[in-house]
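The following pair of complexes shares a single chain, chain A, combined with chain B in the former and chain C in the latter.
Coming up: the complex of A and B.
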């Protein structure tokens, strides 16, 4: 008898806790959505405002009486057409594409070769090199731009975008090597033994086994190298000053501002167009990049 | 299959290559490995290690780079009030920004992890936008938001009858603004790392905690935080390095002003070294970052090592 009563008590306690769990869950959901909405407004308000400004007429931008967050006097694309036809924006774009393409190619060759050697062909000093690569990844561009300024000046490369092709790999190669080591190390050893038995040499093994299997890592590394070379600001600001050698970040920030009056509409249009390629790339390949980033950090 | 049949299949040195010793040396694992690492080593030696050593040498020259002055540049900096302002602001900037980035990243990661998994991708994608735009360009947008006459923030404040804020011309608000923009750019990185870490915590641990009657807070303190301790430590250390060495935001937003109050080591080194043409002094300024970076790198490396060993 007492036993049953006790069981009943336990049962009702259990049911009670279940309903409270249910309300807890609803509260957690509510709080989560509230946080997310606040954060999304915070994170998206500058790009939204840039877009709004870039589509407004100059008269409306200058008019202090209107709501700056809305377009009330009609949408215009004049800032975009002006940007593409009457400024050096397309030259900057072309230069940036050239630099980014070369940097990505150089980075991938260097880091895939090194990552293969460091993850599979353990040799005297390979551990030290792997640690060194990690440490070099932590070296920021702001530590070395002054000696590099002197060095590239000595090489006669100052004020040419090829200097960026030379120095950007110092920013991209260490991280790309690092995540490729992680991806290659996760490939089972049986696979290369099988390839060795089939008579493959190291080059064939790398090209026909490792690269296809580690393709997601390769894509993540490529996106990283592309983004860094697209977004880098300090090196081009320090090394390049001519309009025809300029890249997008510095070109937009420095030359589009010239003049007595800031052309805010044109400036925002330029910033948005310049930011578009990496944003579009992320929209499609976000998952690859995130997996690369998190695996690079956690495997390390 | 006879023994001779097997031996025939073994690769033999090609007869056209003279000197089997060279061929064997060439085929050795370590030779191949070193050759494959050579481009990486050349890059690091020529464009990282050499510039670093050169930077130390440069920092000991006079402005015209004609005479050796030893630690003269460093001692000169110690006597400059601006330099101490830079030291103070760099530390303040890095610590405050990283704390807020970590907090926002942690809360946002939790929020994303709580909602049904169907919507998670969409919310995460929207919150990663700041991190995807090149910082120099998004800072332009912030600059326009802070613009004294047209500031859209001040317009909003006025709607609520709050007086306009001098975002970039007042020392306190200028420091606030550069930190705010840095938090905006960097918080999504924490979100990604923490979300990945949250997802890797086994569900059983939470179930066990629930059975033991743990509250949500107890689960956070006794399950989530211990499981994420490593990733939190590494992310924060890494972010301190990146924030401490930041250049783009301050350069675009305030150029170090008002009255040099927002300069970081990097922007001050740029001002002194490139713009004013005193390359040795600029090299000395940026070298001051090195001890802090080296200590942080050492701690990260130890953390990473421990992690690898424990796995």
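Coming up: the complex of A and C.
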């Protein structure tokens, strides 16, 4: 809302228009909604296509003469039943939940502690380490998976989903630490000093002041860590090959693509079901994503 | 309650020396204001007393106890910051009680203390609000409340009113004074605003370049400044300064301002100024001691008015002598106009002479 109002001011300045503020505002609202609608349509197309395809019979999917956007030959749930009863989809799902939960927990503990140390306890080399942390994140995982394969092989962890719990934090911790450093750095130094005088030690300062104040950052980092551990494809493909250890991304694909035969209906159903938890999680966390929480700490 | 004593206190950051060895004794219950231009080391001094800044050299004692290596929370002090530093995620009650809760005070005691402090500061109805729902003045009160509830031995204030508008600043100044009269806690207060310093302080400490220029009551600083800096810093508008020479003329001392103006030094200052005859000096006189010539007075100079500042009760006139712009205070009845020539008189008894080399007031 505020954005729209602000745009409005900028807009009228831009156009140098003599129209009243009210008309201007209406125009700006209209333009904003038009843009948003185009955006929404663009981004809802793929999920809609997935949903439609997952409810079609195999015969209709295969028939090139039909309209791909509409279900013309009757709705079927056969792809969903097949997926849930005759494949290891539920096992993949369970494994993915376990991996994601552990990765998020490990990531948040490490990166919050690291970010606190790097942003507030100015020790020898802290600046270099803070930069280093971010540089580490820039190394692409497609470069890392071969050396990592040797390492986890040496540890005897190959073909177990615990390897992912070990490996994913190498991606998530640097980035989350970097986000949290940014958020912690934006907390005014006087706030620590007030807490210090009030009698807080470092742990209390972190738990009672920093984490609550930087909650929006914490949630952003959590979402990132969750997304990485839920949606990563390369590492499970490289490190895991048994069905009972497999996770959703690779599992769905390997089960439903046999050679050059694509089970489109099942693939779409699997993709939709796999995408549901992140969507629900985001929607839930967004409610708590109250930005501007820090305003009011110091002079307005 | 406790006294605070600073001995040969030094603080250097990497290369810059912020505080260059200051000695100061602050008595129990005293309200001391550190004042000086921005960057003179006031905050650094205060933060060393708080324990937020390590001491490079020297000693700090609170209540006789050496606290150089005591962490802030064990110094039994409370600090109010310029930007309030309230915890944004806590209500006013939680903000004020945070220190007590960390120190594991009983719930009833916390409740009582917070309510008492809120009562004193007039913020009882705000206890359940969050900082961002408060105005600047209310936030400042909460910040003070947070300091008061702990009932510390020393209050430290770092420019607490700088973020408020002029009217609110005056209100809060009175508020702070009232709280101090009520609690009588030793207070060290930092400000760059000399009016704030003069109105609040029992004693004012004027700092400049990391050193103390003078310590004294507001009256002493105003009437007997010790250095050129203090003479210029205290008082508003600032004291007028003119280069001058001291000469002897048939037994009497005279101050010569350029070629044109000569002033008779009052007889009682004769012996004080005697040794400086012939030396380069600076003549200082406050604007309030330069006024329009009244009947029976000798004119000090006929000057042309550059511009005026009517303040209602009085009118400030600005004029130029020897290329230096000076200020005087005349009564509104004199009704000076820019461009007009007026006769001015000086309260010669209120003059100061400053030695240029040492910057000391003679």
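One rule holds for everything that comes next: the second predicted complex is superposed on the first by the 230 of 300 C-alpha atoms of A that agree within 3 Å, B and C clash if a C-alpha of one lies under 4 Å from a C-alpha of the other, contacts with A are read in each partner's own complex, and residues count from 1 in each chain.
The rule we apply is simple: a contact is a pair of C-beta atoms (placed from the backbone, for glycine too) under 8 Å apart; a residue touches a chain by one contact, two chains touch by 3 or more.
Only a predicted model underlies this, so the values are computations on that prediction, with no experimental measurement involved.
K.L.:
Tell me which partner A:193 touches in the superposition: chain B (first), chain C (second), both or neither.
P.N.:
second
K.L.:
Kindly classify A:212 by the partners it touches after superposition: chain B alone (first), chain C alone (second), both, or neither?
P.N.:
second
K.L.:
Which partner chains sit in contact with A:59 here, chain B, chain C, both or neither? Use first/second/both/neither.
P.N.:
A:59: touches no partner chain.
K.L.:
Would you mind checking which one, chain B or chain C, touches more residues on chain A?
P.N.:
It is B that touches the greater number of chain A residues.
K.L.:
Taking the superposition on A as described, I'd like to know which of chain B and chain C A:134 touches: first, second, both or neither.
P.N.:
Only chain B; A:134 stays clear of chain C.
K.L.:
Of the partners chain B and chain C, which touch A:204 in the superposed model: first, second, both, neither?
P.N.:
second
K.L.:
If we overlay the two complexes on their shared chain A, which of chain B and chain C does A:47 touch? Say first, second, both or neither.
P.N.:
first
K.L.:
Pick one for A:155: touches chain B only (first), chain C only (second), both, or neither.
P.N.:
Neither chain B nor chain C is touched by A:155.
K.L.:
Just to be sure I follow: which residues of chain A are touched by chain B in one complex and then by chain C in the other one?
P.N.:
199, 293-294, 297-298, 300
K.L.:
Where on chain B does chain A make contact in their complex?
P.N.:
Where chain B meets chain A, its residues are 11, 29-30, 32-34, 36-37, 39-41, 43-44, 47-48, 50-52, 54-55, 58, 104, 107-108, 110-112, 114-115, 123, 125-130, 132-138, 140-142, 144-145, 147, 149-150, 152, 155-156, 184, 187-188, 192-193, 196-197, 200, 216, 231, 234-235, 238, 241-242, 245-248, 251-252, 265-266, 269-270, 273-274, 279, 282-283, 286-287, 289-290, 293, 296-297, 300-301, 304, 307-308.
K.L.:
Touching chain B in the complex: which residues of chain A?
P.N.:
By the definition above, chain A touches chain B via 24, 28-29, 31-33, 35-36, 39-40, 42-47, 49-50, 53, 61, 64, 67-69, 109-111, 113-114, 116-118, 121-124, 126, 129, 131-136, 138-151, 166-167, 169-170, 173-174, 177, 199, 202, 227, 230-231, 233-234, 237-238, 249-250, 252-253, 262, 264, 267-268, 271-272, 274-275, 278-279, 282-283, 286, 290, 293-294, 297-298, 300.
K.L.:
Under the definition above, what is the set of chain C residues touching chain A in their complex?
P.N.:
Touching chain A from chain C are residues 50-52, 71-73, 77-79, 81, 83-89, 98-99, 102-103, 130-134, 136, 139, 146, 150, 163.
K.L.:
Which residues of chain A touch chain C in the complex?
P.N.:
It is residues 188, 190-191, 193-200, 204, 208-209, 212-213, 215, 293-300 of chain A that touch chain C.
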